[in-house]
Each structure stands twice: as C-alpha cells, then as structure tokens.
C-alpha cells in the first residue's frame, strides 16, 4: 500500500520536497550541534531544557490524544469514527517519532543512548518514558497498519488486534502521565511540583490533539477529496470543547492554589510568567496569549456548531497554539525561572535550535504525509 | 466438471511435504492440450513428424532424443544470454510463486514459476555445470529421462507466457523466456500441440489461423459492411490488397470470424471510414496473431515475414495493427529484429492529426489504440458516450500489450472517452500486474478447458469483485485470445459479464457523418441511456 | 555489583585469552575496606572565617585548577564545582527583613551538597550518577548521556553541563586529572580521588583561614563531628528532605 | 558483450585496487614498529593478552576505578595503580610512538584521549 | 536432509580447520594454501562465468515493461518502469540493484474465508530483510577494507565509526553486525515455510549456513576470541602481495573465519550467489523499451523458409480471381 505514497501530483511532490529540504536543513544544523555541542542552542546552565523538551512534551500529548477517537469507536461502538480512527493512529505514530527525535537531539551524548537500555533504571521517569513511548509507537504501528491492511483487503482485522486496542487505550493515558511525572516528581521545581500536572497534561492533550486532527481532516477534505463526514468533525469538536473547559478549569485551580496560599517559591514562577520581572518580561505575551487563547478557543468552539467550518478550523488552530505555548514553552521555561538562586535568566532559542526543531517537524510531517497519502489514495481508489 | 465453488475449495496454495525433484506427471484429462496432427507437422516441416497424443504411453521419440535435446540446449545457451542467465542466477526466493495464475488457480506446486524453471534448470545443472555433474541430486540436478520430458511437456504447456512473475522477480527472470526455450527443445523432438501448430500452419499457408482462403476473407468483410450499412445507413468500404494505400491494416483473424471480436471489426471499419483513412486490408497477410511464437523463434519469424513483405509489395507508408495480444508482443519486441529493417516504409504519421509516432520510427507499425487515442485527443471524433450506457465497463489489460509494450493508458483513454461508466478492477490485477485470461500462448484448446478455467480464476475473481461492487457487466479488452477465452471463463466463474473490444465501444459511440439514428448498438441490443431518451 | 561478582567477570577475561591464561585481580585501595566502618563524608563551612578575607577565591581556584574545570566567558555555558553567591540567593527561605541588611553582600560558598537523599541520583536514566558507599555523589562521565534530568532535579544548582568542548577553556591542564568531553554533566566530587589517597579536598586544603572543615560524620571523634556538635549550623533547603552533607556554621 | 567485458574488467580493477593503493602509498611492506619501553620487561599482563585485550583490560579498569572505587590491580606481574595516564602512559610514555601507531594501522580511534591526558613529559615534547 | 547435510558440511569445515590448526600445525594449509586456492577458484570461476554470459548474445529486446510506454505525449510516460532512454535504464537498474525495486512490489495471495475470496496483500518482509542483509553485508565488506589498505582512507574510518556509533561496549557493537544477523536469521526462517521449503535445494541452505558461519566466526573473533589485529593486517598484506608469512599466533577462530570466507568466495561463481553479477545483465531489466523506435539486432539471425506472396498468389489464384482481388502476376502480364 505504501507505494501509493510515492505517486502523486506535482504539488504533492513539491510538498514532499519542501519537507525534505526542511528536514535536511534541520539535519545539517544538527550535525553542527553534534560538532559544537548543545552550547549552540539558547539553553544554558540555568535554563537547561528548552525548545526541544517543550516540543517533546507537547507532541507526547498529540500522540496520546489518538485515544479520543479510538475509545468511542472501540468501547462505545461509535461506528462513525471508523474512517478517522486510522488517521488518529497515524497521527499518533508520527507524533511519537517526533517526540523520540526531540529527546534524541536534546541529549548531550546521543551515541550513548543505548545506555538507557543497557543500564535500566526503574527509579528514573525518563526510563519509563522510553518504555511507554516505544511501546506506544509499536502498538500504534501494529494496530494502525494491520487494521488498515484489513480494510484494504476488505477482510476482518486479525483477532489479536482487539486486545491490543484495549491495551493501547490506557497506554495512551500512560504516556502523557509518565511525561507529566517527569516534571511533577521534582521538588526542585515548584512550578512543576503539583499533582495536578498529569491531569492537566491529559486535559490539554485531549484538546490539542483532536484539534490537530480536525485541521488535518479539513486539509485532506479540501485537497484530497477524502470526504469526512461533518458529523464526525463535529463530534471531535465537542470532545475538544469539553477537554478545553477542563483544561481551563485546571489552570485556574492551579493559579488559585498558588496565589491564595501565597507561597513565595511557588508564586515567583507565576509572577514571572504572567507579570515578568524587571529586565525579563520575555514570556509575558506568550503566557497571556496562551491563556486568553484557550478561553477564546473555548468560546469559539461553544458557538461553532451553528457556524461554518472556518470557525472550527480557526478555533482548532488557536487551541493548538495556545496549548503548545502553555504546556510546552511556558511550562518548561517557567519551571527553570527563577533559578534556585532566584535569578531570572533569559532563554531565547537560537537559529540552529529553531532549524533543528523545524527539521524535526518536517520529518514528522513527512511521515504523516506519507501515511496519510496512503490512506487517502486507498480511499480514492475505491 | 466441478462447480466453481468446489474448484476453489480444492485449491491449496501450501504444497505437500517434499519437493519437486521426482519427475512424475499425471496427464489429467482437461488439463493438457492434444498433439499436433501429422498434416500440419508436415506442412511446416517440423522435426519428428508422427501422429501422437500426449496420453499415449509411447511418445514415439527418435532414438537419440536425449542427444537432440541436450545439443539443442547447448545451442540455445550459446544463442541466448537470457536463457543462460536465468538458468544460473535464480536464488529460489519464491517471490514469483503466488504471482502465477496457474499456481493460484490450481495449487499445483510445480506451477510456481520458480519450479517450472527448475524443471529445466535441473537438467541444465546435470549436464552443463560442474557442481551438478558432481553432486547430482544434492545440487538440484536431474537426469534427462522420458518422465522429465513428459513433465516438461505438461508444465511448459501450462504456462501462458504472460510474464507476470517476471515483474516481481528481483533479477528479472522471465518464465516466459524459459518456457519459450523449453518449447523450442520440446519441438526438437516433435512434442508440440495442435492448438499451436495448426493455426501456425494455416497462417503460413493462407495468411490466417483459420485457414480462410482469400475469397472467404473478402466475403466476411462484406458481411461486416452490410451490417454497418443496416446500422448506420452508411456505405463503408474495405479495400483489400490495394496498392499504394497509405496504411496497411492488420488485425488478428479472429476479428472477422469470431464473436465478440466481430463487433470490434465493425468498430475499426466505421472508424476508418469516418476519418477517411486511405488504407487497405491484405488477404495475404490477413493475420496479426503469430502462433509461431509459441513454437519457436524460427516459426515466429516465418509467419511474421508476411507483414513487411506485404507492406513492401503494396507500397504503403506505414502499418496499423488491430487489437491483439501476442501479435503485439511480436510486433513490438520481435518484428523489427526478425524481418527488419523496414526502411521501405515511413515513420507513421496520422493523416488526420498530423501526429508523428516517433516511438515507432523504426518498426513503422503502430497500435490502433495509439492511433485512436490520438484522434480523440485532437477532437477528431464525435463521440456519444451515452450510447454505451447499457454497460458498466471494466478493462482487462492483456498480458502482452501490458507487460511487453506498456500500452496501459491508451485503451483507458479511449474507454473513458467512449463510455460513462468505467470502473477499474483491483490494482493488483491490472496494468503491469494484470492477470492472464489463462488461455494464452496456444493453450486455448477446448480439451484444456479445466486448466484454462483454473488459470483464469484470478482474473475472473477480479471481474467478480467489480461486478459485485459496481455492477460491472462488460469487460473490455484488447486481445483476440482474451475475447475468445474470457466469455466461457466469466460464464463459469462470474456469469452476467460480457466481453467486448475497445473499438467496439468506439464504434458504438462514434457519431458518423450522415448516419441515421441508431436504435441499437453494434450487437443489435437496444441502446439505453440519454441519447435515446432525448429522441 | 559487589567485589566478588566483579572478580568473576574479570575471570572471564582470562578464559577468553585461551592459550595465555593469567590471573587478574582488582583490588580496592583500602585493603581492609570491608571491615572498616562506613564513612560519611561531610563538610562544614564557617561564615565567620570565610568572610575574613575580602574577595578571596583560593578554594575555588584550587578546586577548579585541580579538576580541570573550564572557565567559560559566557555565563550560560558556565561550569562550576564550587562557587560563591549572596546570602539571600543561597538561603532565600531563611531571610528576613533584618538579615537582608545585616548579611547583605555576604558571600556564601556553594558546592554539591552530597545529599543523603539525592534527587539527582533517583532521576538518572542510566545510573551514570550514584551515591557511593562513602556517601559521595559520583558521576560516571563515561556513561552520562547528557539528558540533564539531574540538573533539573537538583534544588541547589550544583550541576553543570558541558555545553561545549571544555578543553580550550581550561587555562592550565592538570594532567593528573581527566578533563571532560562535551555533552556530559559534571559537578563537585568531594575530591573523591584525593580522599582515597588520604588527602583533604582541594578547597579545604587551599583555605588560608581554615574556614572549611572536612571529615567523617560516622566518626564521633572527627573534627567535623565535634564542630557540628558544638556549633549552630544550617543546611540549604532542609525542607526538601535531601539532607545535605554541607553545613554552614555561624 | 563489449560492455560486459568492460564492466568485468572494471570490477576486477576495483577489486584489486587495494593492491595498487598500497604500492602507491609506498606502504605495502609497512608494519608498525611499536616502541616498547626500554626499562620495563613486562606490562601489567602478559604481552599476548595486552596486545589483543588491552582495550578490555582498560574497560575493566575504568569500571573498577570509577564505579567501584577499586584503585589497585594485581596480576602475576605485580600490583599496579589503576590509571591510564599514570600507569599505562607512565611506561609507554610516547603515545604517538606506541598507541597511535598501532591504532592508526588498525583503523581504531579510541575516545580515551577526549578526556584522559597525556602525561606532561610527552605533551611537552 | 536439505538442512542437515549443508549444516554439517559447514560444521565439518569448521572442525577441519579447528583440528588442523590446533593439533596438526596446519597453519600453512588453512592460513595460506586454502585461501590462495579458493581465491584463484573464485577469480577464475567469476571471470569464466561472466565471459560465458557475455559471449551469448541477447537476440531480442525482451524488456519486462512495468509502466506506461513512451508513446503519445499527452499520456504520462513512466520513464523508469518503462525506460525509453539509457538514463531511464540506468535508474531502473539503480533502483533494482540498490533498492531491490522488483522485490518491493511483492505481494501475498490468499484465499480468504469460507467463500475463498482471492485477496492480495502487500508482503514486504522479504524486501525489508533482504535490504537489511545485503546493505549490512556491503558495509561489513567495506569496513574490512581497512585490513587491506595502508594508510586507511578517511572514509573507511568514518564508515566504521558510524557503524559503531552506539557506544555500548568495548569494542563497540557494530550496527551492521546486528542487522546482518537479523536479516540472515529471517532468510533462514522463511526457508522453513512449507512453500519455500518445497522450492529450496540443499545449496540454498548451504549458502545460508556458510554466510552464517562467516558472520558468527567474525563476531566471535571481534568480541570473544580476539586476534592481534596488527598481526592480522600484516599477515593479510603478506597474502595479497604473494609473500605469505606463516604466523601462528592468531588463534583458531581466525583461521575458521578465514576459511569460511575462502570457501564462500570459491563457491560463489559456481552457485546462485552469482545473482550479484547476474542482476546487472538481466535482459528484461537492462534493455530499453524502445524496440519500435530502435531496431534491435540479432547477431545469429538467419534466413528462414517463408511462404512468399508469389507462392501464395499461385496457390490461391482462382480464389483471388473469384473475389476480384487484383493479382500481381496478371497486372504485370
């Protein structure tokens, strides 16, 4: 089936070339990073995790969110999701690859990455993250590919798929939970040190992931004639709406706890994020942007069911951006600032860092394009 | 014969334990072709002439038959690199195994292309390689015995030379080539089949397979002209042996004797009339098909020679070929080599559109689908698609035009422009992966029907699929053997799907200048569809 | 892995050598190591002694010289094993309106606390950092993959990462101590390489005012045990439960 | 036919290229001579073992020293301090003449020197 | 039988070498004589085989066409699957040789369910593992060049470092070693499937076991029974410059590895392993699909007995007259 991905219009090939060029640029930048070291990035001794880990966190959420289409289809027998489920699974596959790439480029000595396997350390959440992410990747590839294959052949999927699907549902929850635990287990970082982090991650994931899916659905509907029912998109939009509301609620609960208790070490992070400190107000627009964005998106989703598609697309894009900023960027940077020495260092990603990040997006995009093209071509050939 | 379901149920694609090394073959009635009659062997001056049948215990082989074959093999190895190469480099990966329609349809493990070739290879190893000579059976080498010969006969006349396996082989090993070599060898000791030798002999004598003499040929064309007149009210001409015409037209002889080929013939005639083509038929070279190809390269060349000779004699500028399968294998890949160079002809130029067919600049012969597609592209034909609305059509790529020529888009282009309802079969069964009808390469004999039905099963199943899914009721194809073999095949497996030629569709859709209102299609069936409603 | 296992593994070497068999034994530096009581190394830093010399950096310089710690010009690449910072920054939670004035600009020496309950060790995905039997938090630079999880986990900012190749930034290379390669995390090792030879840590040795005291907490007779028993001491961020082994004396 | 023979010759040429390459570089008879320290007779282990397995010995040393605090190594030849810079390069004082020669010949590029220093006396040269 | 015999043949080779070098001082035999003989057999056999192929002409243009021909310019021609130019053939061969294009098409046919529906599924396992196996083999081969070149070219060191990029053990485990083993094991396991077993010959298993022996002995040589690489290289230099030095200190594993390789290359030209050269010569792949635009010459073409028009006209004169078809003979006359 995959050979379908290598037949397409000129526009399609241009798109592939564009992504490949970006990925290549990212790769070249990465070679430079390998040569010079991570000093090439904007990260430093105080903000020692940056754009890479932010993206990693965000894309784990996207990957986990495929569960919101899988779950209704398999557990509640909501047959209308039958078409979109494969899109969700393939989105998860490419997102997991992206997260793995982001982890890889963030390593100081990537050639030693096998040490994680050779010296397994169950006390480390990063170890568990590796376990759940690779497991999730394999699960999704297997489930996605075999059920797609069955669909192409017009046969029943193999019987062992079902148990795997049931495993994959809690597994999806687990990948984002473990990712949250990476942060929330650290007493050194008050911003992260909250039990609400994992639930917040999940809520935001179930808002952002399906939003990405909605945008993708519109794209393939517009350009590839893969007609996904409006009902289906509407249903997903409803899921996003609820997830967003929970996400906003969690955020407010967090802010209340910190502000009311007035604990200085906790408060200082929120003050930095929302108000900034003299000389470092870098994150203010992003924090406010994401918060307000989430609320706007929520409102838009609420009213969208009567309006046209573009509103849904617009709301989805705002959701994605808002959550990327909130869960990824602001959360990671904000965790490091202020430092234990109460300093307020600045973190600005460098051009190399941006290129590498874009390169990874492009690589993910390539995988996604190829997988989606396969699905879409199959649909067209029917 | 068994019912289709039973036949399908009996198929087991997993062979029994063991291997293919023991030469044994059971000639089951219905799965092999009869031997060639003495008369035709004589006419073609073939070796070891005798009356014989494969089911005879004694095949009346010459005394030194083994030497003849081994000598022949040595010569062929020297003459043909492909043969030698294909004997040496197979790694037995098995990628070809389930690509063969005969294997899929029969489950007979010796029908896996790799084993078919191994039947020959084992003898090659035994007599032509060091390790085979020393290690014998361990190296997969076998002595040449009568049983081996019988096995060859059975299985190499169970290969339609469709080349589907060759598409999948990582080294491009072409079982067609191996079958050809094996048949050359079998012919050296006179083991050939009626369905190959008789048409070849007829063709050699009269110019066509059926042995129709020139006056009968002219008569049938006349019938066709009458039919066209009845249908359209137009007087169409069909010049024969007209010297100085621009184009010589050559079609398979089945087109003017068999059905549903006949309607394709009507299509040609109407088309040529409509565009005012200055062309001629030939009574001498009234056959495009070439059964010599299924016998030996030499016989293929002998039969093929007529085409250029006739073109030269009639002083035409170029040659146009009709809808045929293996005819096009010969014309595309062999004719120029056999009987070229055709320097007395000109590079084909469409007199209507002015398109120069550069891709045929040496052979100077083009396929009618290329010609018609070009006409349609240049808007030279007035086509009413709705006249084919009776049918939901699918297209069967014939093996030879598909895999030996790459004629894939031209017929589709024509079909899409002549009908409203076109549906492709599953993609694993079309274009370069197309499945054979099961009756090619001279295996279309009635006595071989069971094997033909088995071999045609994959094709039939694909047709069944589109029939059930889209309600397809017409299978278009571009091969005379297809047109003859597919109707009984589809009758057996599918039922309710007819077979037509691509130019039958053209004939139906073609709105001719000055024609009367058409009530029926070329088959005399009332036309459904819009055009009738607007009457 | 205990020593017995270790010997077994090295024994395999000899088997592999086939025709040239030979015994290979690896010995610990302390011959009676197993019998001796476990050490609990700790350090006490006296505020009062430390402030006596204005601008003194002897301990820092000596440590960084001995351990080949590079000096980066760019603050974000900075690597430090031992350094000084303001009181309010180090003891932020133990600051009030009065100390702010009183202890203003008081420099406090900081280094890895070699916590009894180290958060950095727990998070390492490759066991590249661990607490050794003497309580020292070690880093295996051969195993570290540079994920920097330990840096995020350390509440004391004691860990530094080699953002670039450190070699060009080392003023003078001490050839008896290895440098580090880019991409690994490093920090103060309590001069593990010196104390196994019976020496004092470099910083302790270098201090002209004897402001730093180093010794074994498990030995009630050691200098440091006596000192901590008699004088008031504080630790950094004790509420985090890490139980630092660096004490600050008044 | 001509093309195939040409291809065959080309293939054989490429296959035999190493022969020419070494003649071209003038190293066809080159075998690195390793300068053993003059004042010492035996290494930490038998020389046969050291030639084949010094890397593994060093790996064990590394793990023993770094991870297990084991600082001494006892073999039939005596007791040694576990130290690449101190012990090994103490005798094999000339890294370029000893380590590098053979490593270059065998195409091995150990990473030890990324961090571990060459002793003063060599570096000063 | 198909499996056991080849397996024990390979084991026997190993045993011979083991016993020969360990107890019988056969270092010269297994270290020098056997490699020389095998190499000679390999080169001679290889050249002879290729020349034999080469002297047989390709009488007809028999391209297997897998895409749209180049005909009318408004139809999208498939330049690689149906190459009309040299360039197209070049790329077709490139994809075939480097990426096993044809094998990538592989699919599996099943008769599914009660109604025995014919279904086709893509089946790329063979492709994946064949790619793994062959590419790893190539990398391993190139890596071994370091034993034959002095000074070692930079790119070989680069390749070797990339291959061993994962620092896990000393010496590092090469990725290619792992992949080649996975590939080989798969190729072996699939031969056990009933249908592939049916078509397999003992020689198919022999090759698998022999290559397996080469890989296994090579890995043992690297990770367990190490040889002094300095001596190995010096020894190989002696071999290739026909100045063999009978060193003895390598250990048995080295001789086993060397002999396995020798047997493998000696066996190569006489076996199906020649597919590595044959794939370049396959006329169904390396010819252009332009046989109507360019005449293909058959060197042994000979005149055949034809039924000429004159003979035909003579035979059917009456019929032609009856049908009013013009006759050449009468027009002339």
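When the chains are written out, they are named A, B, C, D and E in that same order, and each has its own residue count from 1.
Definition applied: a residue touches a chain if its C-beta (ideal position, glycine included) is under 8 Å from a C-beta of that chain, and two chains touch if they have at least 3 such contacts.
This structure is a prediction, so every number in the text was calculated from the model and none was measured.
Path length between chain B and chain D in the chain contact graph, taken as the least number of steps between touching chains: 2.
For chain A, the chain with the farthest CA centroid is B. In terms of the distance between Cα centroids, chain D is separated most widely from B.
Central chain (C-alpha centroid nearest the global protein C-alpha centroid): E. Just count the C-beta contacts per chain pair and the biggest one is B-E.
Chain centres here are Cα averages; for chain A and chain B they lie 57 Å apart. One simple way to say how far apart two chains are is to compare their mean CA positions; for chain C and chain E this gives 60 Å.
Remark: chain B and chain C have CA centroids separated by 85 Å (rounded to whole angstrom). Chain A and chain C have Cα centroids separated by 38 Å. Under the contact definition stated at the top, the residues of chain E that touch 2 or more other chains are 53-55, 57, 105, 117, 120, 167, 226, 281. Under the contact definition stated at the top, the residues of chain A that touch 2 or more other chains are 109, 112-113, 115, 118. Only residues 2, 5, 49, 52-72, 74-76, 78, 81-82, 84, 96, 100, 102-103, 105-111, 116-118, 120, 126, 130, 194-204, 270-272, 274-275, 278-279, 281-285, 289-298, 300-301, 304-309, 312-313, 315-316, 319-320, 322-326, 328 of chain E touch chain B when the two sit together in their complex.
Here chain C touches chain D in the complex through residues 1, 3, 6, 9-10, 13, 16-17, 19-20, 22-29, 130, 132-133, 138, 140-142, 173, 175-181, 192, 196, going by the rule given at the top. Contact residues on chain D toward chain E in their complex (touch as defined above): 1, 4-5, 7-8, 11-12, 18-19, 21-22, 25, 27-32, 34, 48, 51-53, 55-56, 58-59, 102, 104-109, 111.
Residues of chain E that touch chain D in their complex: 43, 47, 50-51, 53-55, 57, 145-146, 148-152, 156-157, 160-161, 167, 169-171, 226-230, 233-234, 237, 240-241, 249, 277, 280-281.
The touching residues of chain A, when paired with chain E in their complex, are 1-3, 109, 111-115, 118, 149, 152-155.
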